[in-house]
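Encoded as C-alpha cells, the structure appears first; notes follow it.
Chain lettering (A, B, C and D) follows the sequence in which the chains are written, and residue indices restart at 1 in each chain.
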Amino acid sequence: MQAVTSDGGVIIDPAALSERRGSPWDAVRLARDQRRPHSIELIGSVFDRFQELHGDRGYRDDPAVVCGIGELEGRAVVIVAQQKGASTDENIERNFGMSYPEGYRKAIRMYRLAERFRLPLITLIDTPGAYPGPEAEERGQGEAIAKSIQVMSVLRTPIIAVVIGEGGSGGALALGVGDVVLMLENAVYSVITPEGCAAILFRSAAEAERAAMAMRPSAPDLLALGIVDGLVPEPAGGAHTDHIVMSASLKRALVAQVERLDRVPLADLLSARYDRFRAMGVWVDPGAGALAERSRPWWRRMLNRARL
Amino acid sequence: MQAVTSDGGVIIDPAALSERRGSPWDAVRLARDQRRPHSIELIGSVFDRFQELHGDRGYRDDPAVVCGIGELEGRAVVIVAQQKGASTDENIERNFGMSYPEGYRKAIRMYRLAERFRLPLITLIDTPGAYPGPEAEERGQGEAIAKSIQVMSVLRTPIIAVVIGEGGSGGALALGVGDVVLMLENAVYSVITPEGCAAILFRSAAEAERAAMAMRPSAPDLLALGIVDGLVPEPAGGAHTDHIVMSASLKRALVAQVERLDRVPLADLLSARYDRFRAMGVWVDPGAGALAERSRPWWRRMLNRARL
Amino acid sequence: MRLRMPFRRGKTEFPSHLWTQCPNCGEMLFNKQLVRNLSVCTKCEHHFKLGARERIALIVDSDSFTERDATLVSGDPLGFTDSKAYPARIIESQTKTGERDAVITGDASLGGVPITLAVMNFAFMGGSMGGVVGEKITRAAEHALSARRPLIIVSASGGARMQEGTIALMQLAKTVAALTRLGDAGLLFLSVLTDPTTGGVLASFASLGDIILAEPGALIGFSGARVTSETIGEKLPMGFQRAEFLLERGFVDQVVPRAQLRDRLAFFVAACRLPVAELRWGL
Amino acid sequence: MRLRMPFRRGKTEFPSHLWTQCPNCGEMLFNKQLVRNLSVCTKCEHHFKLGARERIALIVDSDSFTERDATLVSGDPLGFTDSKAYPARIIESQTKTGERDAVITGDASLGGVPITLAVMNFAFMGGSMGGVVGEKITRAAEHALSARRPLIIVSASGGARMQEGTIALMQLAKTVAALTRLGDAGLLFLSVLTDPTTGGVLASFASLGDIILAEPGALIGFSGARVTSETIGEKLPMGFQRAEFLLERGFVDQVVPRAQLRDRLAFFVAACRLPVAELRWGL
C-alpha cells in the first residue's frame, strides 16, 4: 500500500505497480484462492447494519447473489454481491458463485430499489461466470445478463462496481456497469476463463497458463488498459493474509468513491457512464483518414470534474 | 341492437336494457357457452394483419394468453387476449383460458411495447380465473396479477378492455384496467365464480345459481353499477348465433373508442383512468357528517369531454 | 346508516381463557405469558394471529398513533344476502371485533420518523377487502403521498369481499393505482404479510411492496390451498404457501420474527428516504 | 494499419461445388436451386447459414442499402497470440470473407420506410464481437437515434472475441447502452437471431429487441451446448437451445421462415412508429 494513491487509497497510476506484479497465471490462482475474503464477510466488516433482501419476484431466491441495504459510514447504500463459498459446503450452497438467471433478476430488482431512493449502488463481483447448466439456459441466462447490463447502464443513481476476486465473463459484467469500476489488487477480470480460452484457442484446457498470459486478465493490466478505474490495495501477501486490513482498505476506497459520486449531478453521472463504456474498444479507421485515438481515460476526467 | 346507443353502437344507458335480460344464472351459462366466439376468432375478424408475439422473456410462453400487433381500420394496435378453447382439445392446450403467472408477465411485456410506441392497447377478457394450481402459486400468481394491474394503471397509452365472455376474478382484472371497460351484452364479470361463492357462503357448490343472483355478475347489472362503461350489442340470440354480426359489432365499438381516446391528451387520460377506479366502492362516513355521494359515472364525464 | 354499538377496543385474541393450546406444537400456554411474548408460542415460536390494535402497538413508537378515517362503514351496493343479509353480517363483525371494518389506518412515528400505517384485521369478516378497506387503503396512500411519508401496510386477509361482488374486485385496481403513484414519487411502501394473506389482497397491494416482509409460518397464496389441492387432485407439499416457501421462491425479502419486526421496519424506513430535494412525481 | 487486399464481395456459402448435402436430411441439393431457395433445403427446410451480404439483399428494398463505417478494422490491444498472432488471423478472415470484420452496418429502406441495419457475418471469425463489431453496432444505434430510424440487427455470433480479452467483454456494455438510449427515445429495435447466436452477443443486444425473431432451427444460447452438457454430465434434450425451444420458453416472439422474414420485418417497422410529435428522450 505504498503505491501512489488518490483519495481513498485507490491506486490509479499503473506505473506505480510495475514492480508489484506476478505472472497473469499467478494472478488467476490468487484471485481464486479460497482463503480470500468473500462478499458476505466483506459486507459484514465494511457496512453497518446490513439487512439482506431476497428474491427476484418471479421464480426463486438465488443464493449465489447476496443483496441488501447497509450503511457505509452512516450513509445507506444498496449492495449487490456475488458469493463464493469459503468451504466446499458453502460452495455447493452458493453454486460456486455462479448465478442462475434469477440471480441477475434479483440484482435488477435491487438496482431499481437503489434508483427509487437514490441510494448509491455498490456491487461486489466474484464469479467464475454465469452458471452454464441447462436449467439456466431454459430460464434465459443470456436475457437476464443482457437486462442487468441494460438496467445498470441507465440507472439513475451512482454505481460503484468492485471486482473482489474472479470477474468471469458476462456473468461478472452483469454487475459491472459502474460509474467507477475498481478491482482488488489481486483480482482478475476476463472475457472467458483461461481454461475456456485454452480449450478453444489452444486446443487444450491444460494450456490455461498460456491463455492467461495472452488475455491479460490481471488488475494491473486492466488498469493500464483503462478497463478499470483504480485498484484497491491488498495487504502485502494478498487479501487472504489479512482480512481485517483488506476490509479497511476496501471500506476506505468505497467511502471515498461514494463521497465523490455524490457530488456529481445525476445527468452528468449518466452521460459520463455512457461515455466510459462508449470509449472502450480498439480499432482503426483508414477510411476516416487518421488513426482513431484512444480517448483519455474516463476516470481522469471524472476525477478532475468532481474535484472542482 | 335496437337499444339506445352512443358512438360505435355501444350501449351506455342501463334503462335501455331492462326488457332484454335473463336471470344472472342464464347470463353465466351464456357467457360460458363454448359456441361463443373466442379471442383468436374475434381477433381474426376484427383486426387486419395480426401478428402474434410470444413469450414473457423469463420462463415460458403461456398459450392461455394471446398477444400481438394488428391493425384496426389501418391503425396499429396492441392486442392482449385470454383464449379459451372451442373444443376440448383446444381447451386443454389453452388451459381453459386460465393463465399461469407467465401469461400475465407476457401481457405486461406487451403493455410496455404498446406504451413505447403509443399504440392503443386492446384487451379481450375471457377466463374463469387465474390458474389455481401449485406451479402457478410457486411462480407467483398473486405477484403477477398485482404487477399487471399496476403496469396498466399508469400505462402511457390508451387502453380499451372488453370482457367478451367470462371475466373471472383477479385473473380477469389483470387485463381490465382500461380507460374504457366494455362488456359484450351477455358476458359476465365477477369477483369469484358463482360456484366458488356458493361453496364458501352457501356451503354448497350446487347453490351456484343463488350465488349468481346475489353477486350480479351480468353485463346490464355492471353497467348500472358503473363498473363498466358500455355494452357491446350481441346478435338477438346471443353471440354464438352469429359470429359475423358479433365481430362487426365489436369492431364498430373498438374503432369508435380508439378514435375517441386518441383525442384525449395523455395526462388527461392518465388522471381520468386513476379517477375511474378511484371512484369505485360504496361506503358511508357518518363521521364526515354526510352520506358520501356516488360520484358521477366516469364515462359520462369522459364522453362529454371527448366530444368537445 | 349510523352505527350505534359499544365499540370495544384493545381486545386480544385470548380474552376469556386462562390457557391456550398451541395449534402447532400442542403446548398449553398461559395466556398472560403468551401475550407478553407477543402472541408467539414460547415453545415452538408459532406466531398466533394478532389483532390490528395489538399489531399497531407492536410496531409504532408508543402513543404515536393517530387513527384516520375511523368512521367509514360499508354500504350494501348489491343488497347481498346469503344465509344472512350483508348489513347484518357487518354489524355482527363490528360487535365481535369492536371495529368498523377490516382495516385500521393512521399516522404514527417509527424510530422517530413520521409514517402512515394501515393494518388489516383478520377477525373482521376474514380481513376481506370491500369498499371500506379499498377506500381507507387508497386514502392512506394518497395521504402518505401528499405528506411525503413512507407507508407500511400489514396485511391479513382472505381476499376480496364477495358480498360486494365485482365492486370488491375493483378495489384491487383502486388500491394498486394509489400505491403506484406513491412509489413513482419515490416514497417507500413496506408490505408486511401476516397469517393469512391470500386472494385479492395478495394479488394487489400486498405483493407490490418495495420491500416485503412476512411473519414466520404465515399462509400466503393467491388461491386457497383447498382449491389448489382440488385442482391437482393431490396433497400439497409441506410448507406450501407458507412464508418460508415464498422466501425461497423469491417473493418475500425477509421472514421476520415478530419480536424483531419493529426494528426491522424502522431500519428500512430510515434507510429508504429519497433526499427531499429529489421528491417528485415520476422518476 | 492499412489493409491492402482484394476484397471479394457477394460470396455465397456454396461457391465452388455443384451440389451440397443437407446436414439435416442428407438430401443432395443443386447449389443453384439452393441459392434460389434462399439457402433453405427444399426437402426439409433446413436453413443454411447465410452470408451478411446475401442477408441484406434478402431483407431490404432492392438497391436501397448504403453501407456505413465500412473501413473500420480491428486493432490488437493485447498483442494476442495463440498458434497465430491475432492480426494474422484477422487478415486471414478478411481474405476468406472479403469483409473487414464480423458485422456490416448501413442504411436502407424496408417497405419504403428508412431503417438502419446491422448484419453479422458468422464466417468472419465465428461472428465474434471485438472492438470493431462493438463500435459499428454502437454507431449504428447512435445513428438510428439521431436519424429517428428503427434499427434491425441480424445476429450470428459465437460470442465475444477472446483475442481482445476484457476489452471484448466491455463491448457488451457499450452496445447495450447505445441500444437502450434508442429504445428510451421510442425507436424500434428489431433483433433477428440466426444460426448461431450465442455467448456475449446473446447476453447483450441480441436479447434486448423490442421484438425478437429467430430463424427456424437456429442455435441460440448463452453457454455452448458442449459446456452445458459437460456441466451436468448428461446429454441435452433434443432441440435444446434451438429457436423453437426458445419460443416455447418465452424468449423469442416468432420463429420466421426465411422466405417470410422481409415481410414480417416490414410489418413491424411500419406498425411500431412513435408519432413524430412524441419522439423524445426518455419516456
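Operating definition for what follows: contacts are C-beta pairs under 8 Å (C-beta built on N, C-alpha and C of every residue); 3 or more make two chains touch, one makes a residue touch a chain.
Here the structure is a predicted model, which is why all the values come from computation and not from measurement.
**Q** With contacts defined as at the top, give the pair, A-D or B-D, that has more of them.
**A** A-D
**Q** Taking each chain's centre as the mean of its Cα atoms, which chain lies farthest from subunit B?
**A** Of all the other chains, the one whose centre lies farthest from subunit B is A.
**Q** Between subunit A and subunit B, what is the separation of their C-alpha centroids in Å?
**A** 47
**Q** Between subunit A and subunit D, what distance separates the C-alpha centroids? Give it in angstrom.
**A** 29
**Q** With chain centres taken as the means of their Cα atoms, state the distance from subunit A to subunit C in Å.
**A** Subunit A and subunit C have C-alpha centres separated by 40 Å.
**Q** If a residue has to touch 2 or more other chains to count, which residues of subunit D qualify?
**A** 249-251
**Q** Using the touch rule from the top of the page, what residues of subunit B touch 2 or more other chains?
**A** Residues 57-59, 139-140, 143.
**Q** Chain contact graph: line, ring, star, complete or other?
**A** other
**Q** For the complex, give me every residue of subunit D touching subunit B.
**A** Within the complex, subunit D touches subunit B at residues 183, 186, 188, 210-211, 247-254, 264, 267-268, 270-275, 278, 283.
**Q** Spell out the part of subunit A that touches subunit D in their complex, as residue ranges.
**A** Residues in contact with subunit D: 130-134, 136-143, 145-147, 149-150, 153-154, 169-170, 173-174, 176-177, 189-192, 196-197, 200-202, 210-211, 214-217, 222, 225, 227, 273-274, 277-278, 280-288.
**Q** Okay, in this complex, where on subunit C does subunit B touch?
**A** 1-3, 69-78, 80-83, 130-132, 134-135, 138, 160-174, 176-181, 184, 199-200, 202-208, 220-223, 227-228, 231-232, 236-237, 240-241, 249-251
**Q** For subunit A, which residues count as touching subunit B in their complex?
**A** On the subunit A side, the touching residues are 57-59, 101, 105, 139-140, 143.
**Q** Where on subunit A does subunit C make contact in their complex?
**A** Answer in residue numbers: 49, 51-62, 69, 71, 76, 102, 106, 113, 115-119, 156.
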